[in-house]
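Two complexes come next, and they have one chain in common, subunit A, joined by subunit B in the first and subunit C in the second.
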Partner chain A sequence: MNSNVKTHVANAIKKGFRLDGRKNDEFRKISFEVGSIFTAEGSAKIIAGESELLVGVKLTAGTPFPDTPDDGVLMVNCELRPLASPHFEEGPPSIDSIETSRVIDRGIRESGSLDTKSLCIKKGELVWMVQVDIVPLNADGNLIDLGAIASLAALRVTRFPKLENGKVVFGELTDEKLKLSEFPIPVTVHKIGNNLIVDPTEAEEQASDARITITTLDDKRVCAMQKGGDQPFSEEELKKALDLAFSKAKDLRAQIAAL
Partner chain B sequence: MSKLLVNERAIVVPGELIAEGMDFLPSTGTYRANDHIIANRLGLLQVSGKVVKTVPLSGVYQPKKNDVVIGKVIDVLISGWRVDIGGAYSAVIGLKDGTFDFVARGADLTKYFCIDDYAAVKITNVTSQNLIDISAKGQGLGKLTGGRLITVNSAKVPRVIGKSGSMVSLLKRATGCRIVVGQNGLIWINGTPEEEYVVVGAIRMIEKYAHISGLTNRVETYLKEKLGEEALNRPEVPEEQVGESERPPMRERRPDRDRPRSRFEGRDRRERRPPRDRPPMQASEEKTPQGSEE
Partner chain C sequence: MTKRHDGRSNLDVRKLQAKAGVIKKADGSAYFKIGNTAAYAAVYGPRELHPKFMQNPRTGILRCSYNMLPFSTTERNRPGPSRRSKELSLVTQKALLPVVDLSEYPNAVVDVFIELSETDAGSRCAGICAAAIALADAGITMKDLVPAVSVGLINNELVVDLDGEEEHMNENETPDVPIAMIPSTGEYTLLQMDGIMTKDQVLEALTLVKPALQEILKVQKQALKDRFSEGEQK
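Coming up: the complex of A and B.
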């Protein structure tokens, strides 16, 4: 990115009036659409500003891993296709793509909100495998947070397909829903200059010096973290980032719970 | 007798027969096949006198000579800069069109334009092979430092500019921002974040209501609402320079060091030669063919 434009973005944030008119600690207005993909067991589309992501949850039955014979399997995958942004390239997954899916995966997995024991069909032989696919349709920043929020929304509306003699009958959904005990919401706090912002656009992400993703649960617990960028966070800044993460996650959690 | 087959300002589609007969002339977006004129782009039909053309409703920017566009430098060449101007083909700023400075052989060209720099440039030539020459020298042209860029559809640019620049000067006057509108749809805005946000909002509105009349009133209402009544009554902002656009003043003449001006100074070299009053000698007379003496 052009260094002049970068300075311009940073100056606007310094004044507390971002390029799209938001305050530094303000999220873009989020809108959801759930269950729009009929071939998936659960799905959600999220739109925040220019960013748009589609998440599909697929439930299949398979053999468990030998070391966890009575645990279901969770797989989270995010692919940044060229469809979403001119900066994304065709080919094997980029570092950003892998990081996005890993951070979202870690948030859901380490929160323990998805009870993998309840996904066991027959110990050592057959378990449910939950596959979460995240596809950005238009990338304008903050893909980790939005991808995770959309994943939670999709998981929340996921229903089990019919199971006959150990085989899944796709297209026939039962009324049984996937149980999600909590909503682990990640909030990525970006540091630009000496200021902290949430929900950056692509331009702001490019101007960012450092970022930290903090995934939190309802009762003030932190379940996952990821730091990125070249610059460090001071102790002071980290505390501020934590406070931001808790307060923003609270609003977002209420939005998902209302779906 | 020639006949127009479609009403003026009607929407024509590629392949549609526009006119019969040789009295009409095809312009952009149309072509002649025998004695018919046929559209090759989707757009509104416009007839001015004998000239028939289509005005595109959308689509990628088509470079045209004398357009002022905003480009992004994508490569530094041996003697110039390659610039992305948002069209199908990239353009080149030649060394002499990039700066007024004397550039020594092998000098570092990134001093003038670096990769990812934005510049307001003028298209000086578009060849039939789609080689585009642009210049960064001239009034209001040059490197753009600071500010932000937004993109609108290049078909909507005339509405953003307004009749003889009325819309842009309205925005400049009301917000105090510096604005450069490129014909390719790139718009550069520089001011305080709050002012810029108002400008972006206004441009998005112009884009949305580009086809509806009373656009200026709508924009004025918006600006009043955002900035207050007095914003529209501010004095006109003088047209300003974006970059180094005027040739820097020559240094004062120093008679002891400068040679006296000859009467041919500044003229083309060829003019200096006295006019020939006899025809040039024939090559065969001048040179004897080799081996003829043997």
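Coming up: the complex of A and C.
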């Protein structure tokens, strides 16, 4: 990223402007396309401004972990493929893709919104494995929030495949849907100078001094957090970030619930 | 001639869909869908090539990467490179190389990244079709587009554009010949095969595929026309 662009973004925000004209606490308009991937048991494409991500959910039946014999398995994986940005490279997963995967995974897992006990087919022998794969198609910022929201959208429309003698019959979906009891929504708040903004573009992320991802549930509970960026947050800033995370999550949650 | 399971005749390709300029961060991009097989392609470059020892002072180089997304197959496809994806990246590069002119960009690279979002056979050909549109969208000097499609042999009859069900007939031994062509010269840039055919069948396949390739070419061209007339409409 050109350092002039960074300064430009930071200066504009200092003066109370964002380059695309949004308010500091304003998300880009989000649109979804669900269930369009023929080979996935559940899928969602999310578009917010120029950020576009694809999420596919695969359901397979497999052996549970020995220490949790009656729990299904959730796996969340984000890959920053070089298709989506000139800054992404081919090769083993970058630290950014690992952090994105883990923060999204933690939000869904710790919320308990996916009841892993209900994914047990036969204790100690066979459980459902839910594999969520997140792939940005065009990376223009806020991949954690958008990836998580798209994952929830994809999980919400996921249907179980037919099971025959303990084996999945791929391509034959039943009417039974995967159940999510709640929608854990992450909102990442970025600090640029003395301002807090949400849903940054890639340029804004480059100008960011610090960020905090706060994943919240319906009733004022927090289920996961992650602080990133080089600079620290003050207590006052964290209070504001929490308020922002709760209020923004509310709108986003309603959008997913409406799908 | 018996009808195929989806009602197509032997020479019919599946439903085609193509769009250029779908990935804004890229210098050129495209989406190409044939039946239930869909490919995204993004082109970045010409840009500086690292590692430096790969640079060619006489010309820019073309680098292609073919990848299936984890949810693009019936059973989840484990992320990461495989021998298969590396080979398909190679043959994709060789299929496209003859039509691009990178002589004006010494030491540089043009990267083509192909991601399959859903597959139902014919993914390397779909990838090549998408990549050709994306390269043109990126403004790379090209002498032609490259359409690609496969020809298979079912019940001793040659059929164009196998789908997954057809590919898995005869205990997965349906002979399959993926073909790419430079339409203006009639030259072949991709030719692979698995399974067994007679010499005459191979020669027939090379000819019989042409109308299908023309049809794909038309769709590729239309995608580019739509892309560049967008401005006028708005």
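Here is the rule we use: the second predicted complex is superposed on the first by the 256 of 259 C-alpha atoms of A that agree within 3 Å, B and C clash if a C-alpha of one lies under 4 Å from a C-alpha of the other, contacts with A are read in each partner's own complex, and residues count from 1 in each chain.
Following the convention adopted for this analysis, a residue touches a chain if its C-beta (ideal position, glycine included) is under 8 Å from a C-beta of that chain, and two chains touch if they have at least 3 such contacts.
Only a predicted model underlies this, so the values are computations on that prediction, with no experimental measurement involved.
Enquirer: Per the contact definition in the header, classify A:68: touching subunit B only (first), subunit C only (second), both, or neither.
Expert: Once the two structures are laid over each other on A, A:68 reaches no partner at all.
Enquirer: In the superposed arrangement, which partner chain does A:195 touch: subunit B (first), subunit C (second), both, or neither?
Expert: It touches nothing on subunit B or subunit C.
Enquirer: Is A:255 touching anything from subunit B or subunit C once the two structures are fitted on A? First, second, both or neither.
Expert: After superposing on A, A:255 lies clear of both subunit B and subunit C.
Enquirer: Once the structures are superposed on A, label A:94 by its partner contacts, choosing first (subunit B), second (subunit C), both or neither.
Expert: neither
Enquirer: Using the touch criterion from the header, give the chain among subunit B and subunit C with more contacted residues in subunit A.
Expert: Looking at subunit B versus subunit C, the one contacting more residues of subunit A is C.
Enquirer: Where does A:38 make contact in the superposed view: on subunit B (first), on subunit C (second), on both, or on neither?
Expert: Second partner only, subunit C.
Enquirer: Scan A:206 for contacts with subunit B and subunit C and give back first, second, both or neither.
Expert: It touches nothing on subunit B or subunit C.
Enquirer: Quick one: classify A:139 as touching subunit B (first), subunit C (second), both or neither.
Expert: A:139 sits against subunit C, while subunit B stays out of touch.
Enquirer: Could you give the residue numbers on subunit A that contact subunit B in one complex and subunit C in the other?
Expert: In subunit A, nothing is touched by subunit B and also by subunit C.
Enquirer: Please name which positions on subunit B make contact with subunit A in the complex.
Expert: So the residues of subunit B in touch with subunit A come to 116-118, 144-149, 190, 192-194, 196-197.
Enquirer: Within the complex, which stretch of subunit A touches subunit B?
Expert: Against subunit B, subunit A makes touches at 1-5, 7-9, 11-12, 15, 17-21.
Enquirer: Give the list of subunit C residues in touch with subunit A in this complex.
Expert: Contact set of subunit C toward subunit A: 22-26, 36, 40-42, 44, 47, 65, 67, 69-76, 79-80, 111, 113-115, 117-120.
Enquirer: With touch defined as at the start, can you tell me which subunit A residues reach subunit C in the complex?
Expert: Listed in rising order, the residues are 37-40, 43, 50, 52, 54, 56-58, 60, 77, 79, 81-86, 90, 92-93, 131, 133, 135, 137-140, 170-171.
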